[in-house]
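Here come two complexes built around subunit A, the first alongside subunit B, the second alongside subunit C.
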Partner chain A sequence: MTEENYAIGIDLGTSYSSVCIWKNDEVKIIENDYGYRTTPSYVAFTDSEILIGDAAKTQINLNPCNTIFDIPRLIGRSIYNKDVQSGMKYWPFSVVEKNEKLHIRVKYKEEWKDFTPEEIASLLIIKMKETAENYLDRQVKNAVITVPAHFDNLQFQAIKNAGLIAGLKIIRIINSPTAAAIAYGLKTKAIGKRIVLVFDLGGSTCNVSLLAFDCGIFEVKAVIGNYDLGGKYFDDSIVNHFVQEIKRKFKKSLSKTDLCRIRTHCERAKCKLSTSDCALIEIDSLLDDYNTTLTRAKFEELNEDLFQSAINLINKVLNDARIDKTEVHEVVLIGGSTHIPRIQKLISKFFDGKELIKSINPEEAAARGAAIQAAILSGNKSKKIRDVLLLDVNAFAFSIETSDGIITSFIERNTTLPIEESKLFKLSTKGSSYKDTLDRNPKNNYNILIQIYEGERYYTNLIGQFELPISSSASKIEITLKLNLNLVLKVSAVEKINGRNSKINKKEITINNGLSEEEIERMVSEAENYRTEREIIIQKMQARTDFEIYIHRLDRIINDINNMNMKNKLEKAISESFTWLDNNEEAEKDEYERKKKLLKETVNQIADETLWRR
Partner chain B sequence: MDFNRQEVINSQTYYEILEISDENASIEQIKQQYQKLLLLHHPDKSGFIMNNINNSDENIKNNYNKERKVEFIIKAWKVLRDPELRKVYDDELKAMRLKQDEIYNADIDLDDMEYNEEMRLYSIPCRCSGNYIITEQDLERGANITGCTTCSLKIHILYEVIDE
Partner chain C sequence: WKCNSEIDYLSIHCNRKDCGVIQNVFPNDVTYFEILGVGKKVNGQLQPTYDIDSDQLRKNFLLLQQRVHPDSYSTKEDRQEYNYASQQSSLINKAYQVLRDPLSRAKYMLKLNNISISESESLQDQELLMEILDVREQLEEA
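Moving on to the complex of A and B:
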């Protein structure tokens, strides 16, 4: 494998992200600079720098309004999206609309600044990319990325753009349960055909994939995703419960910061309830050190409806794939929230007491799958993956509306990629009223409006439209939808005269989410700036640490010096340096280096003087 | 670079797509052939995505053709793996072959036929005062032979779908 085509696998989760690579015939998960295998999907803006990951999450209580999380819920969406609206109720950061697009407003270096979700996501991607690069000690240019299963086409495009901004080519997007299934399938490698259901309950999404494994070919039968389900919503129920209780008992309303702190504690309590029956919640300096207990029974009672809808999702995916639950060979659980005992019990009960597979690490499975897919796509010749191929499906249906207001469904949900579908649309009889209602264009032709929708029945979303000029002699138009392996959707239309394709009146468009090339270019250069800024800060911290280490070392050495004169002089120099450090917490890299050099010179001078005199 | 779907379906049967000569092949044989071809032709297995970073027209076209090929391989397998669907397809195939073997009396250009927009069909009078009629739907399906409504004569309709 050459440098050029090395690809990594990134799991960009709502709560946590992780990165994996394929190395020496196996998947390796890469630890971040804190030594953790997962990195919180948090980005924070402060007066002096941008923090990403653990550094951002740990300071959230101090800086809630400028700490961004839940990016997969924002990216590629409009501010009017139902999920965005519901999230805005509790997100401490502010979401605004600018140029008809969703932006996140933060205070960075004491200035208000608006970022697109793509830019924030790109910072997370950069962090994961750097983690991999530090480990591999070389540049990485390509990545496979996993996203929640409910992502629509515009969100796919947005993730790709976020990758571009981060300097990574996203060669494939797969949804997280499907990725986990690859990891699981490769690990078990059983012979014969097996149907595997992967249930992924994460921070704020619930995704289910149903796959058929047959001799290395992993065929996705159906996928489904829901963004109203997940750990965060379980936290919500607990938070609401306690907020009501506080209101009742203390008649006090709570600030956004208080809510944020309550949420952190509730999340901890929830995790504890997976292993014990009761959890204590203690919050310092909230209403004179508020504390209370939460039992597992109460937690289950508060969330029973949500748990039930997770089961409904499994039912739905089986229906979509037309597979009976008794045909499922294995049920694999991934995602942090599948640790909840009640969920495990309900799923096992649904499958008539089937043993659930919890052997794969739920937090890492998706990234592992992404890394395997990345290795496959880079043409890795490893024996383990030589005959492995994933056949993915589209998660949403597509339909077309022509000027006469009739919606024709085109591509069904869960169709194996790649897909190309053509359909003929008959124009009404010549001279009929329908054609007269169309606008005539200057060449005395008609224009027909073609609109492309994603989704079906009650949930449809207009994702693109164009006008096709047609001559008055045309009787039909042919519309073609192409969805390739990279989930790029192209729509073309051509007029037909006497069964023949017209050479003039034809058009093809590619659906994208509206970020123009210039915008992406601008964001790329800004991301580059942030990267440089972060580097400067890292170098600065390094210089300061170097200086500190040097002083401490000196401090230890002087205890062994017998010459009092020399000792006193050195002690004076050291204490001066300590004072300077205390007063200069935000000095530049050069200053630290200069001070260190000065101290060194002083020390040498003192040594020379005392030694000469001797 | 238009790749006409009709053409592919007409010129190749699902068996031909899967390179199976025996149409009574067992499901196991078909499956093996399907898996072999899939791994051979799937763009994901060719390292194409990484090796062809430059998006030249030639590359895009190549990849597109590969994707189309794989799409048909998958389509063929999805029909042939299901015993019921396979039966329906086999019957249709048989009927189509019978149709194509027919003897016809004349070649007629589609442009010489009269188009009826109401009924979506083409027609031309026969010398027996009857009519040769072919529906648009039949043409789209690839039929090109039609009989007279009153006598036993048949005509072969000449038409082509013009591509770029």
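Moving on to the complex of A and C:
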């Protein structure tokens, strides 16, 4: 493995993110600067700086409107998306539409600024990248990233762009449960074919992957995702329950800040209920210190419908893969919300009392899998992963609508990638509605409009279109869809004259509805600015801390000094420095260093004087 | 294509030990049965047959993918090798997808014999289709 293609694995979760790397023949999870193995997926903007991760999450109650979370729910989507609309009801930050794209509006350095979700995601990616770089002590340029299974083509591209903005090339995007399956499969190398179902219930998504393990090959049979399900929604039910109760009992309306605080407490209570039967909810200075309790039974009652829909998802993935539940060898649980006892019970019951596998760390499994895939893609020759191969599938179907309004399906859901599909269409001039027959565009006899759709039945989304000019002698056209491992879709069309491909009338497009190259370039340079700004702040804080440590050290030393004259002088110098620090919270790096140097000189002088007098 | 030596019919990689480079996809007239190495052996060639061993099919598919999957070529400097791997892998996926499912396998066999059925002709009844195919095979053998 060469330096250049050293790749890391990142799990960009709705609530938490983590980063892993393949090193010395095993996966290593990298701790962040706080020593934690997961970093909250939070970004906050303040009067002076941008905070990412733990620093952003801890200050959310003080600065709710400028603290962004839930980024995977926003990225690559329009403001009119159903899930975005429902999220907007409780997100304390504001989501706006600008240039027909979704933006997040925050106050940064006393000024209103609009950011795209890609930019916010890039800040999170930068954080994970830096965490890895600090650990490895070298630059990282490539990454494999995991996303929820319901991510569509546009969201994939948005994630890739976020990577570009962060200075990382995203060499592969995999679904989180599929990634977790690799991590699990590698840990438990067994002989023969095994069917494994991975159930991933995270912060705000529920994803299921069904795989067949066979001699190191991980063949994905089917994947499914739902973004209406997850920890946040369980919190929602509790929050709603208490808000109703407060309204009923105290007739008080609650502010967004209040709601934010109630949510934090409800989340804590929910986690506690995974191990105990009852949780106390105490919220300071809300209605004279509002206290209440939540029992596990009540929690389960509030969420029973949601829990049930998680089970339905398992049923659906089995149907898609045409595999009976009795054929499943192992059921693996990942994601924080799978700690909930009721969920475990329901799943076990669904599989007729099967023992569930909870041995892999639910919060880290996806990042581990991503790191393994990253090692494979960067050509790592380790014996452990040499034969490992992931045969992944697409989560969405693709179809083509031609000018006669007939939709022809091209690539089905859960098709093994890469895939190439070609279909021939006969041309006709009169309005016929036979399948595989195209009408020439009535307005323009020599052009055919080809529209590309993603999804099927209830959910179809126009993701691209183009016109193919045709000559009068053409009798057929051939349309080809190519979908590669990174879900980049290329659509080409060519007219056929006497069974041969025309050299003139052919076209190929790559579906790309994300950001333009110029937009990405601008964001890259802005991201670099933020980075320099952050570095300046970090250096500043470092200088201040250095100074503080020095003063505290002096303070301890002088306690043991017997010479009263010297002690007094030193104490005076120290207290002056303390006062200066208190009055100068926002001084520059140079000033802190200068002050420290000055104090050092004063101390040396005092010491010299005392010594000399003796 | 890289070392200019002759390539055997149906081989994916160059046979020369010092080359071994992945090749372009098979010519159009190679059937999915030949690609995945299943079917009835007649004079050393694999002929399409409805009755195939699905375990063998899967095994061959996985072995082939292990050899051609683009993931194994992602660090190759020559992008042409990566592109050929992608094309090979796509074709093998397609072949497996068609042969795996009895209905699409039957349709594919009909297509090979220049008989096309569209879905509107309601030949969706799998049992009927299989019966017809059985009869066909019996007739051929007779």
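Couple of notes before you dig in:
What we mean here is this: the second predicted complex is superposed on the first by the 596 of 614 C-alpha atoms of A that agree within 3 Å, B and C clash if a C-alpha of one lies under 4 Å from a C-alpha of the other, contacts with A are read in each partner's own complex, and residues count from 1 in each chain.
As a working rule, a contact is a pair of C-beta atoms (placed from the backbone, for glycine too) under 8 Å apart; a residue touches a chain by one contact, two chains touch by 3 or more.
In this text the structure is predicted, and so the values were computed from the model without any measurement.
After superposition on subunit A, the partners subunit B and subunit C are seen to clash.
In the superposition on chain A, A:L390 makes contact with both subunit B and subunit C. Once the two complexes are laid over each other on the shared chain, residue contacts for A:Q465 go to neither subunit B nor subunit C. In the superposed model, A:L424 makes contact with subunit B only, not with subunit C. Contact with both subunit B and subunit C is seen for A:N484 once the two complexes are overlaid on the shared chain. By the touch criterion defined above, A:N81 reaches neither subunit B nor subunit C. With both structures placed on the common chain, the touch criterion links A:N501 to subunit B but leaves subunit C unconnected.
In the superposition on chain A, A:N142 makes contact with subunit B only, not with subunit C. Here subunit B and subunit C are compared by how many residues of subunit A each touches, and B touches more.
On subunit A, the surface patch touched by subunit B in one complex and by subunit C in the other comprises residues 5, 171, 214-215, 217, 376-379, 387, 389-391, 416, 418-420, 484-485. Within the complex, the subunit C residues that touch subunit A are 62, 65-66, 69-72, 74-75, 86-87, 89-91, 93-94, 96-97, 118-120. Those residues of subunit A that touch subunit C in the complex are listed here as 5, 171, 214-215, 217, 219, 376-379, 387, 389-391, 415-421, 435-436, 482, 484-485. Residues of subunit B that touch subunit A in their complex: 2, 5, 31, 35, 38-39, 42-47, 49-51, 53, 64, 67-68, 70-71, 74, 78, 110-111, 115, 117-118, 120, 136, 139-140, 159-164. Here subunit A touches subunit B in the complex through residues 4-5, 7, 142, 169, 171-172, 214-217, 376-379, 387, 389-391, 416, 418-420, 422, 424, 426, 429-430, 475, 484-485, 498-501, 503, going by the rule given at the top.
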